[in-house]
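Paired with subunit B in one complex and with subunit C in the other, subunit A is shared by the two complexes that follow.
What follows is the complex of A and B.
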């Protein structure tokens, strides 16, 4: 015992005896016996039902470890301390620090033409020779002006298509113009070309090198799967992609090119082979992406060939395989999990467009289409190709920045789809890790909010959250790897 | 342990000053005349030809001989203080009491500005005394111009320095003025910075290289309050840290590991990563057996071998969150191998020791050693480490 001059621990706990109050929290079933309880800044605990009931009914015992845990992580507070509110406020502001920055990602659809004929194309590409689907110099110039009206200190310009390299002249114009403007604007400016790499000429490589432009490509897995998913006259899409990756790395640096995969029905049984393909090519991450219900993917019926539940099986099998690869000495992360883990385990909030509330449309990203039309997201313009202009915000040739970004089209979609006030979402323990996707729900259910009970978006994400939290809770070995992904700098 | 003060310095002549003098030590009898007034000459023995004009004379040899009548302010020097050398700064009273204010060759120099404190930590190495020691700050203000400009770092400690209010800020201003190239490290419990005005005034001084070391012992308010024996201290310290960081004053969090803090160490690390990720440094510190740390040692000490998992986990959580982290006051042989690279030589040279078995250790040169105060009470895990980095 400490000498009498010192007060006992009980003395300093006396203020706890008057009882505790709850801070804002939500709970959702994790599995048959456990619940996830989260607070408004994304901290969470997994509790059994008895402990959850004790928490809610104010029966937790002062001095017990769970009392201390819940108090220190700001689920409850008592007369002993008043600082919880200030810390919660600080954490809440940190999680939403991106909002005032507004649009960071600006996508330029420089052409709709493409040399591929992918059935799952979400964009509705046009055949190569139709010049009518190229962005004009005037539209490009006007779009660059809008880009620099965004208050965001970091600006990323991404060239999309079609195959954007089919209109390389426009890319050169935009890059040159943006760099010129940035001499005064002084933003952190980045360029990415989303390309299938089949037209990666020396001129393109040199231009990318001179202007520090990154490349983002599509790689769906082994040759037969890739070529089946992504047909190209000559049937050599896989080889062209792999050659392009090799060349880009050799001449622009190992981090200059990243790859994305899309899951088709054909992919479902082959997740390990797909991942092995990424490991063989020494990628340090892979993004297991489901098909989006837009464009040709809908027209050709591709999107209807599997549902979110089937995709979740694919994802879980893939994630298990990836975690084992890590244990066996090859560090590779699954990008979607990493985004969710960052939300679960760190004070930061990643800027991933589909998991934002208010929604990321317009706020996180915006699309300038080949014809000058401005869309709130990539999916928004895909929807337009299918006949709905719900997410068309204006046109660079006729509208001002204010008319576009304060348009009723955008503001109403944002307001109506706020996750924290959407039915079912508002009481979901995962809401802070999730987001609202008004374009998806409008496309699938005809309303920006949608009924989450019938939402593939909800099924997919709830499945991912539950799976990741279960791994974190039940497997210390996996937890260590997942923590590394969450905090990766 | 190096002795920093002594009264065993006998006056050999009459004194021409009352109270105390702050003087810079020199061994050079030809020191420029114009500088001698605030210098003190260290002499091996009394010489016939007197170098005139020094503020005081200290004679190191035992058979010093009798000084002539022309000597004044001459004292013998306690053998415990013979390490004094050029550039050191001392406070000397006219009765011969010497306190070493600054040692030019030390790895750390700290100015203890008050013994008063508003906390009463169970392991305090410098137990608070409620006395009027306002004179201390005047002495430091006088000492500052004598301190070598090349000094890399200087500390302010207590007690609780902010209890001095305006005078504390005055000292920071003076340190910035006299030692513009010296890093300043202030040990404070941070509680008074709950007042945003104080945080603002400190920030406005705009010291170019300032760090405040602030203790946080638990993620649970009542446990922290118990450790510092002050109700409400947790809230005040957190408010203080937030107020300081909001004003871009750098903050280091210091955690002393003992009976009441080791179990929740990973949870505290998690709390810091989640709530205070913006702090500039976290130091996880071993217990020093001084002051209350000595009287309560039996009760507080936990062998580092019994908190290996907690230390490892906490360090990795902080490092993962990109927070600069150090392990202080631990011998390398009791730090888990994976986090050994976080262990630093944190113990001030004047109270640092190595023990007999360290002679066989190949990494002794990188090891912080022991507090003199814990020698004999050290961990059961102390063992020499061989060059292949295995523990024998």
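What follows is the complex of A and C.
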């Protein structure tokens, strides 16, 4: 008779008899009866109150399914093995592997001029004929030099405005210069033009085609809603956008153009129509974005017309509709949910600037303004247009890379807003999926950290986290779709 | 819990909850009410003033504060028990990197 390859189950359980110890964990209420419990790297379980208390008071029974689950996911450990600490350390480091790469996204504001007069504009655009608001060739050249001093192996250069195509010559200069420098630097280099597409000439399309440049546009929904949100002389903004999408796709490919929507008060009751418009135009994703409290959105009062709680209702209604579209055979994802799901369910750390701690400002994204000023984020330069230079890091024309990226302006904001050591955030089960967004809190509360109990950012994100986790827990059909979004990329 | 004047007061035995625990619980409800603390002979009195406009009463917020206190005490237990583990995990995470000398 051959010897048995394995001992009895009791053999393997014997080490558990001495009890277990806790590993670092956080918990937050999911609803009236359940808690989300997460470990130091964001892996989570949903437990009822009795199980949570049993876990913390060392009353879980060896051999029970929940004991094994919590041990396998490093919430507890026992005499069986001490490998949990090393594995958690490895996971922790993996989740933060992006940090040494430093800045990947470099935004060039090549002009503040714009042909639109959107009341919600977060940028404080200037009218078309004010050439003083164009980036100079010298500033562009200096900015490109700074871009390639970033250690990031992947560089994305995004052209912003105003309407950046109003200064197409500067875009051509930056792209040509960057491609030339990259022959030696050998980074993974991408270009994106964030444009309303009204200036999309054949010359622009050919240049994009020759240099593999993506286009990102704004589409707020059906024609009447889009034109009301985004007024333009001639009242033809919607038609120009749709025509531009069609022409760009014809030459550059369907995936060459993405679109973003902004939620205004008049959008709130029309989320299904907005999503239908994206489906009609064959988009495979939609980003349900709230208004940001910057620029004209503040000056015109647009940002105050609804709060995070109302936006959450809009988001939940939209997400329900999107999930139902998926069930009925049209694959479309909600982009913000997809980012959060990747943070919730995968070891990946998406580089989404708003959901990072340390904050993504400066170290994930940076803005080179039309006048050479360098800002820690797009919102930072929007705040500067409103009179605050808290997030101005320097100027490409006068300052070195070290002076800009090691500036006290940046380092103090990063240190003071670090979520893991911020009141309320430090004990929140969602902290690993969230961010600190110092610019938002400075703009709304006057401090980079902010009081999270009164933070619209916190209300919005806690609402999104709770809603997605509830769907994952309670709806197997939705869970299947959401898992697909998390693992798609 | 008692209603008094413009607010609602809650008495908490310090032998059950320390001040840090109570303050953390109150901070998490800062969007609903403001809290004023006073202490006499081992009893902490928390005066709750609900922010207006609100559909909540002082008692509603007091009930939430009590529930939050229970959570905070569990969090204190976890923090105390896992401090060494947290330091060890972070030491493993940053060992062999240039971040620590």
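In the analysis below, the second predicted complex is superposed on the first by the 483 of 489 C-alpha atoms of A that agree within 3 Å, B and C clash if a C-alpha of one lies under 4 Å from a C-alpha of the other, contacts with A are read in each partner's own complex, and residues count from 1 in each chain.
Keep this in mind: a residue touches a chain if its C-beta (ideal position, glycine included) is under 8 Å from a C-beta of that chain, and two chains touch if they have at least 3 such contacts.
Given the structure is predicted, the values throughout are model-derived calculations rather than measurements.
After overlaying the two complexes on the shared chain, residue contacts for A:13 are found with subunit B alone; subunit C is out of touch.
In the superposed model, A:86 makes contact with both subunit B and subunit C.
In the superposition on chain A, A:176 contacts neither subunit B nor subunit C. After overlaying the two complexes on the shared chain, residue contacts for A:68 are found with subunit B alone; subunit C is out of touch. Legend: residue contacts after superposition of the two complexes on their common chain; A:427 is shown touching subunit C, with no touch to subunit B. After overlaying the two complexes on the shared chain, residue contacts for A:43 are found with subunit B alone; subunit C is out of touch.
Residue contacts after overlaying the shared chain place A:21 against subunit C, while subunit B stays out of touching range. Within the superposed three-chain model, A:483 lies in touch with subunit B and out of touch with subunit C [touch as defined at top]. Residues 86, 90 of subunit A are contacted both by subunit B in one complex and by subunit C in the other.
Across the interface of their complex, subunit B is touched by residues 1-3, 6-9, 11-13, 15-16, 43, 68-69, 71-73, 80-83, 86-87, 90-91, 346-347, 483-484, 487, 489 of subunit A.
Partner subunit A is touched in their complex by these residues of subunit B: 120, 122, 219-223, 225-226, 229, 231, 234-235, 238-239, 242, 260, 264, 267, 271, 273-275, 277, 295-296, 299, 320-322.
By the touch criterion stated above, subunit C contacts subunit A in their complex at residues 24, 27-31, 71, 74-75, 77-78, 81-82, 85-86, 88-95, 97. Those residues of subunit A whose C-beta lies close enough to touch subunit C in the complex are 21-27, 29, 40, 52-53, 56-57, 85-86, 88-90, 92-93, 96, 423-424, 427, 451, 453-454.
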